[in-house]
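Note that the chains are named A, B and C in the order they appear, and that numbering of residues resets to 1 at the start of each chain.
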Amino acid sequence: MEIENIQSSAAIPAKTAGEPNRAPIQAILLQLRAFIALLILFGFFAIYSDSFMQTNNLIILTKQVAINAILGIGMTYVILTGGIDLSVGSIVGLCGIVAGGLINEGLVLSVFDVVIYFNIWIVMGLTIICGMLIGMFNGILVTRFSVAPFIATLGTLYIARGLALLRNSGATFPNLVGDPELGNTGFPKLGAGELLGLPYSIWIMAALAIIGTFIAMKTPFGRQIYAIGGNQRAARLSGVRVKQVTLMAYVISGFCAAIVGLIITSQLVSAHPATGESFELNAIAAVVLGGTSLSGGRGTIGGTIIGAFVIGVLSNGMIIEGVSSFWQTVIKGVVIILAVMIDQFQQRLQKRNG
Amino acid sequence: MNPITDDIILHAEKVQKVYPGTVALKDVDFNIYRGKVNALVGENGAGKSTLMKILAGVEQVTSGKLILNGKEIAPKSPREAEALGIGIIYQELNLFPNLNVSENIFVAHERTVGGSLVNHREQERQTAELMKRLEQPIKPRTLVSNLRIGQQQIVEIAKSLARNTQILIMDEPTSALSNTEVEVLFRVIRELKTQGVSIVYISHKLEELLQIGDYITVLRDGQLIATAPMPEINLRWIVENMVGRGSATAYTPAAHEIRDDALRVENLTLPHPGKAQGYLLDHVSFSLRAGEILGIYGLMGAGRTELFETLMGLYPDATGDVLLYGESLKGKSIRERIQSGVMLIPEDRQREGLVQTLSVAHNMLLASLHNHLFLKVVLSGRKEKNSVERHIEELSIKVSNRNNPIGSLSGGNQQKVVVAKALLTSPKVLLMDEPTRGIDVGAKEEIFTIMVQLAQRGLGVLFVSTELKEVLAMADRILVMSKGRITAEIPRAEATEEALVAASAIGHELVKAGV
Amino acid sequence: MNKRSWFKLVKLLILAVIVLGGLTPNGNTLKAQDEAPLIVIITPSHDNPFFKAEADIAQARAEELGYRTLVLIHDDDPNLQDQHFDVAISQGAAAIILDNAGADASIAPIQRAKDAGIPTFLIDREINETGVAAVQLVSNNYQGAVLGGEEFVRLMGGEGKYVELLGRETDTNAAIRSQGYNDVIADYPDLELVAQQTANWSQTEAFDVMETIIQANPDIKGVISGNDTMALGAAAALQAAGMTDVIVVGFDGSPDVMDAIRQGTIQATVLQPVANFSEIAVDLADTYIQTGELPEEEKQSIDCILITPENVDEYGVFAPLE
């Protein structure tokens, strides 16, 4: 990487090239904290549990992490602008239902009295567009109507969930295998298929993480996202189109949520309107654990992926060990609070040293 | 001076304040006389606000002592200073518009019943008493948002009095007041004096000081320059001490050729937001030529910053026209204006110029990312590196690594990064709002040199300053603004401090008449 | 971040994984054979005593028979349930006991477990597919609802305004129970349904919904609820409004409602003998593991029992007293 990452991050040490690194060891440890936490968790469960380090379990763990990590990638963009997207869980549910409906019932054009069944690629394309449109709706509320992101996306959370329930009167779209006569078979492959022994969802996560990092680091759009989160007024006076860029962040978040909706629906081979409840909180937790500041401008997608893995390893390890799910919830909360406390501590340390 | 009859309530001795990179106050001695108005003047960056913050407990001295009534004090917080009887009223009032007058006066010092319930009746009774003492007809239950600015200031004063303030620091108290409101304020100040309250009065409006002040202290570059009882001195004395005529080995800009019109501003008018009448900019017209350095002088609130922001396109409801080399900028967005060749270096570096979370390099490139692309979409690391390193060298920015956080630089170097950001947009006209604010003397000269170099390259440079010396030294031509209007246009050869001060006070004269 | 430090990080990670993997006994092999086989029990959240009893009884029975157990909760989230199936498969479970999170959404994971050679024994809720699960042991919800409906009609005296609280709309049992109630009530035209609302199986939601309904219909005479937690919420709202003589009928037979029946705030409920099917499911799993045999009928239904103040003391936690 030519352009060094200067945004301080939990995941990645900000090292200055060409100069002996004189940062105190504690500062380095703090910056690497999410990564260290991940290693410690790995080590702990590897020693404590017989089955944790089995290849199968590691693949399953990564597959489960992928869901949260993909949502986290979109969420990172939004949080980098200083916003938040509470609607992603509902978008997951709605997009699943949209895809399920298109496969099982097709697109009903009552005006012309016809039903159109689409090829599975088009179904997925339409579903993704649907997610992006909801993201755009969030973005328009935030940028054009100056609704606080928390409120705007909270509203969308309810709207999207309600629409998902309305679409099929609260019922599930079952058995989404398609019909060879209609030419829309193959949807379950997305969830069940493998490439080189790894499920597609893991590859999708990896691809999105790489593309997401590239966009954040190497395009004007990414740079402007960081600028807006760091100082919106300064960004505006530098000619950054604050509204458009912020809106795009929400569209990206909607895009990622739609992808997750497709993956889950495909894994379950059925679309359930309640899917994705409280996913937004897990995604936010992953972003925050990864060292992204909720006030914006600071953080990386790599950090978010590590954050998602911390949550995933923790819950997978505890599930295998049969820890009560009530305790799992408590421990997850403690970890998130610790992460934010350490983040504050690091910022203070940085300020003092700077 | 009459130190025999006048009693010193607070004495600051050899006060020194060092910030990383700059010395804000150097061995300053300062007396506050009991029951008098102690005026404090100096240009921006002279150290007034630092001294004020030390007295109010916001900042602590690096060395030196504060002696209050014979006892050494060291307030660590505004709350501690308050307990010692030192209160402060900032230029930006600190009131809660959604609370009423008595609630504001007793906020965080609520009078209570049994230690927990607010005793509104008692608070309102005491408020009414305070208002009587200040001879102001303000009702305790009025919402503060329904009061005029002048009345809000009275509420601030009452708030201080309610906390038994003996020393009241007032920072630019008249900057937002109408002339009649200033008269009321002065009456209140005189009233406070008779009640034994000592006032520290900070203002840029020198005529005001002559009217209300009893003693005057002049600071310049963090040092005490002169102090005298007011009757012994005049306006000329103040200006000379502030600007430092004797020592002014003023910067002399190198020659630069002035060419054709670059920017024409015609009848630019910006209505006051939220007010039916009144203008922030009142039919402003002028032109700026290529290769010219045009200075704008004016007091706080004269409309200088609004002028620049309007030129950048921040206020879509401004009327009038702006022509850049004959091309109208009307209706263009900030981004389009930057691409046309206008760029602003804002007054407040921290709030408007820089993104604190980005590195030196990323800040510098922020306005010109589209010029550093590879295959039209991807940022080219090589192009970015070249641009950044070229400007670090050209502007001699002191930074060990371009990827260091922007906050690790000194104020002067941060300002150079902002300048570099502007230059990277290849501007034809550069708007510099207080380009030397809060940076040390050496860095100031470097900024001046850069301004001249830019003019030599044919850029039109428009800059604003509240420092007389700076405007006089740098500008080829000077516009003076007051109350949103251009009140004078003075070529360099004819410019004098007195002329600038006089023109900057146009529209404020009624104060004099009112006394 | 330059290339070299990235490489260092990656190397560090790989190294750590290898070292830690090496430290682990049986690093990459399946479970040691000498350990007892594992039965994974997956149910909805234990904040409902019904599901807690279901899981606890199954766990106790499995451990009694010498199995290791892993109890997981899916919170009615099909995606979480799907992940739990992955865990069960990777842990090499011998059998799965499941109270599922969706009649359609559960088919895919059950099939996946079957493909991996792990039979799933469904309890309480069925799925919309046969031939996938080993056994589906469900209480006869329709029969139970008819029992409840008949008792409700009797208590109402065949007339008056009443309210029906529905379970989560996405749950099949909610629909089946409502169907059972209404098939009975339809024969009594003097019973007037003034409100039919979902409270998502939840006590707090039922409380809120009931409070609102009371405002519009202060003269209601009875409430019939899709489960016990909602019945408790409704009863609490009625008590708070001073409407102590309104008839409330629930479904499940949870210990809390049994208490309420003793105190008279709820008049009747329908007991699903959970203890029975948890135990039967584990026993069937045990038989399968020992002999590879499954019962001929995949779907087996267990009849429900009406609980009234008269017989309430004869029943314990989701089962008749011994």
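Assume a contact is a pair of C-beta atoms (placed from the backbone, for glycine too) under 8 Å apart; a residue touches a chain by one contact, two chains touch by 3 or more.
All values derive from a computational prediction rather than experimental measurement.
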Which two chains share the largest set of C-beta contact pairs: A-C
Chain separated most widely from chain C, comparing mean CA positions: B
Chain ID, smallest distance between chain and overall C-alpha centroids: A
Centre distance in Å when chain A and chain C are each reduced to the mean of their C-alpha atoms: 31
Centroid spacing, where centroids are CA-atom means, of chain B and chain C in whole angstrom: 69
Centroid spacing, where centroids are CA-atom means, of chain A and chain B in whole angstrom: 45
Shared-contact residues (touching 2 or more other chains) in chain C: none
Residues of chain B whose C-beta touches two or more other chains: none
Sequence positions of chain A contacting 2 or more other chains: 4, 14, 17
Complex contacts: residues of chain A adjacent to chain C: 1, 4-5, 12-15, 17, 35, 39, 42-43, 46-47, 50-57, 60, 63-64, 67, 165, 169-175, 188, 191-192, 264, 267-270, 272-277, 316, 319-320, 322, 325-326
Chain A partner contacts - residues on chain C that touch it in the complex: 1-3, 5-6, 9, 13, 16-17, 20-21, 23-32, 45-46, 69-73, 75-79, 82-84, 86-87, 89-91, 102-105, 107-109, 112, 128-129, 168-170
Sites on chain B touched by chain A in the complex: 312, 314, 333-335, 338-339, 344, 346, 351-359, 361-362, 365-367, 369-370, 373, 377-379, 381-382, 384-385, 400-401, 403-405, 407-408, 421, 425
Residues of chain A touching chain B in the complex: 2-4, 6-8, 14, 16-19, 218-220, 223-224, 226-227, 229-231, 233-241, 296-298, 354
